[in-house]
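In what comes next, chain A is part of two complexes: it sits with chain B in the first one and with chain C in the second one.
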Partner chain A sequence: MYDKEKIIPGLIVFVLIAVFPILYNRGNAGHIPNPEKPKAARECVRPVQDMRESHMQLLIDWRTDVIRDNGARYATAAGGTRYARSLQLGCMKCHDSKRKFCDECHNYAAVKPYCWDCHIEPKENM
Partner chain B sequence: MKVLQSLLLVLALIVIALVVAVIPGGQTLIGKVLPYLAFAVFIGGFIAKVVGWSRSPVPFRIPTTAGQEESLPWIKPNRFDNPSTTFGVIVRMLLEVTMFRSLFRNTKAEIHDGPKLVYGSSKYLWLFALIFHYSFLTVVIRHLRLFLNPVPGFVQAISFADGFLQVGSPSVMISGLTLVLGVLLLLLRRMIRPQVRYISLVNDYFPLLLILSIAVSGILMRYFLRVDIVSVKQLIVGLATFHPVIPGQVGAIFFVHLFLVCCLMAYFPFSKLMHMGGVFLSPTRNMANNSRKVRHINPWNDPAIKPHSYADYEDEFREFMKEAEIPVEKE
Partner chain C sequence: MDIKRRKFLKLAGLSAVAGIGAPSAFNMLLRGEVSASEGKPSGHGGGEGHGAASTTKYRYGIVIDVRKFASIKGLAGKCIKACHTIHNVPNYGNKKDEIKWVWVESYEHAFPEHSQYKRNERLHKLPILTMCNHCDNPPCVRACPTQATFKNKENGIIMMDYHRCIGCRFCMAACPYGARSFNWRNPREKDSQGRYRFLERINPDYPCRMRGVVEKCTLCVERIDRGQIPACVEATGNTGAMIFGDLNDPNSEISRVLRETFTIQRKPAVGTHPSLFYII
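Moving on to the complex of A and B:
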């Protein structure tokens, strides 16, 4: 093997970069998000799995429809619950804590939604 | 023809992933077993390849004289294009790795009326390669948010910058679009330019199409066939902490994406993609052009073989030389 003194450190650097996530986590999966579920409400506007996967698309569709196209402000869920198509008047009626609900998963997945660029963030005791 | 073969190969991989993702135990295979195997092949193969290269001796300095070599004091040398010091080599290497200067010097040959052969500059490959590689790098760094918990600031900063257009929800990531653009440009260059098309093989098209399929499956997953990102992160962090889990319901598109990434990792060390390691071992890039200052001895020379001067040679063969009427210096 020629140029050992350069190639071996180079390979070590490569391996360290490649296994960086393993070294960083040190075997600890960390905090698993556990968003607080509303106690009183019976049903959500969509099935749970749908909400987990695409609530952000639902919210942006509401925004476009209600704010820009003057769409309906209220709708009815499959089980008959009437709800406002609105983040703060709808969603946060039941999911009343941003910190205990929204932030749980958003922090975990490092998502920074720009909801609060326009909406006023609810003040919560930290 | 070759591009079709590559396309069929990639489509076959997608079909395999789709089938395996729905059969019982298939998700465990793709989600828990395959990533480890692919990663081991990637690391092991990468090291084996580099160690194999390092066994080949490089006898001479191989400068590519894209600049003036250092010679007389009143002739200005080009320190970075034709470096004679280690520092110069490091700068040349950095410029090569981060800015692809070799590709910037790419030329094209055309035959005009006459017939007259004309060489000209061709910057397309350089531009497409820059778009492609930097997009890929950004995409890889962004994906660290699914590997690391908590997510470090630099990953968040890059994700923020990448999504700063704030188009739609989830935000459109610029690097995702430019990655697809870069792959398509490189692919079209191969398919359209006759000279490049003539020398293109299946193993040129296949990695491009594989990366394209990975990018497209990722885009589909992010914007169209949504999956539960929290479950996905639990799965990936599980892999990175050696406690693999298949949590909740994760759509088949995720397993297709993961399967294709595993294929890329396992294929990597045996393909042209090894230029990632190989660029650092390019003799024309990593050697100082100091042949006139330093004596370089062939690494494979047998120390038992002593230098043989002409005088010694003549001593040994004088009789035969005289017989053949070859002039000798000493009678």
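Moving on to the complex of A and C:
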């Protein structure tokens, strides 16, 4: 091989640069989302795992049921908590910080739900 | 032989076209016919005045006593402010971008089909408070390609699902009353200090809209569902300037007023069956 003494160190440098980020971050899983739970509320409208998996579907179902099919605007959770079937009047009354609750996971998962294009987050500065 | 084959192919082609095309065209006509008349064979508007009985369980309407609005200064403005504050309706400060759920119209614009010849001065000065008529036969609903605008099956209110609206503005072209407004810009635009430019104050219990959707009066369905009356009606207090109620209930106050008083509707001849009535 010609230019062995140039090519081999070059390759070594290249590989080192390429794997540097992996080595540098080893043992560190990065920022884990940690949505802040409301302190006062006793229970959520559905079990936590259901909410994690399908809160978006629940919101869409509430919308259709309330405005199109005359579903009730209020309901009662399994443990007896009465709640409004509404993002602003329901969810956000307990989860009163979009930044500390919604954004935690949405940012982590890199999803940009368009709820807030119209809906108003609690205590948004006016 | 050759000619026979040509003839045969022509015939076959023609009958195939007829066979495929005819039934669907027929169906379209049939469907159009059905939705245009919607079980109201005599309902061509003009002759019928106040409109046929609604097929929904409730049909909410409002009687607006224009005489009261003329005599009580600032009453119309109070109604508009109540509605627009509660519903986060932006004020862009120019006619081109204007969003209005409820507004004041002149007599000749509100009732263009009435003769204006030698009308007395009083009529021309009347502030006619107008909003969505929540038509019993709503052309906006038929025009909407996405069902973003629809008639609620129970209360007859013409509602909107802003999530579905694609901003095509067909409904605006279809509405004979100009009751719909399009968001040309973002209603929650902020200035350099982070304040809303077009909203004086925000009601955190009600959503806003976004750029590219149409919006209009909802007859305060969110309040009616909680047993309250519409905000504009509430703003008139005990003046009796607006009477809200169920038109399907013969014993409601609004039904009684309609029986006992001479009222008119906006453009009854277009057959929309408005649920707003005016005492002039």
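The definition used in the following text is that the second predicted complex is superposed on the first by the 92 of 126 C-alpha atoms of A that agree within 3 Å, B and C clash if a C-alpha of one lies under 4 Å from a C-alpha of the other, contacts with A are read in each partner's own complex, and residues count from 1 in each chain.
As a working rule, a contact is a pair of C-beta atoms (placed from the backbone, for glycine too) under 8 Å apart; a residue touches a chain by one contact, two chains touch by 3 or more.
This structure is a prediction, so every number in the text was calculated from the model and none was measured.
Engineer: Could you say whether A:His31 touches chain B, chain C, both of them, or neither, answering first, second, both or neither?
Structural biologist: Touch status of A:His31: first partner only.
Engineer: Please tell me which partner, chain B or chain C, touches more residues of chain A.
Structural biologist: Of the two chains, more chain A residues are contacted by B.
Engineer: In the overlaid three-chain picture, which partner chain does A:Leu89 touch, first (chain B) or second (chain C), both, or neither?
Structural biologist: Touch status of A:Leu89: second partner only.
Engineer: Touching A:Ile67 in the superposition: chain B (first), chain C (second), both, neither?
Structural biologist: second
Engineer: Looking at A:Pro122, would you say it contacts chain B, chain C, both, or neither? Reply first, second, both or neither.
Structural biologist: second
Engineer: Please identify the positions on chain A that touch both chain B and chain C, taking each partner from its own complex.
Structural biologist: Chain A residues touching both partners: 114.
Engineer: Mind listing the chain A positions that touch chain C in their complex?
Structural biologist: Touch residues, chain A against chain C: 63, 67-70, 73, 88-89, 114, 117-120, 122-126.
Engineer: Under the stated contact criterion, what part of chain B meets chain A in this complex?
Structural biologist: Residues 39, 42-43, 46-47, 50-51, 54-58, 144-152, 155-156, 159-160, 166, 168-171, 226-231, 233-234, 237-238, 240-243, 248-249, 251, 277, 280-281, 299.
Engineer: Would you pull the chain A residues touching chain B in the complex into a rising list?
Structural biologist: Per the stated touch rule, the residues are 1-4, 7, 10-11, 14-15, 18-22, 24-25, 27-33, 49, 52-54, 56-57, 59-60, 105, 107-114.
Engineer: Mind listing the chain C positions that touch chain A in their complex?
Structural biologist: Touch list, chain C to chain A: 88, 150, 152-155, 159, 161-163, 194-196, 201-202, 204-210, 221-222, 225-226.
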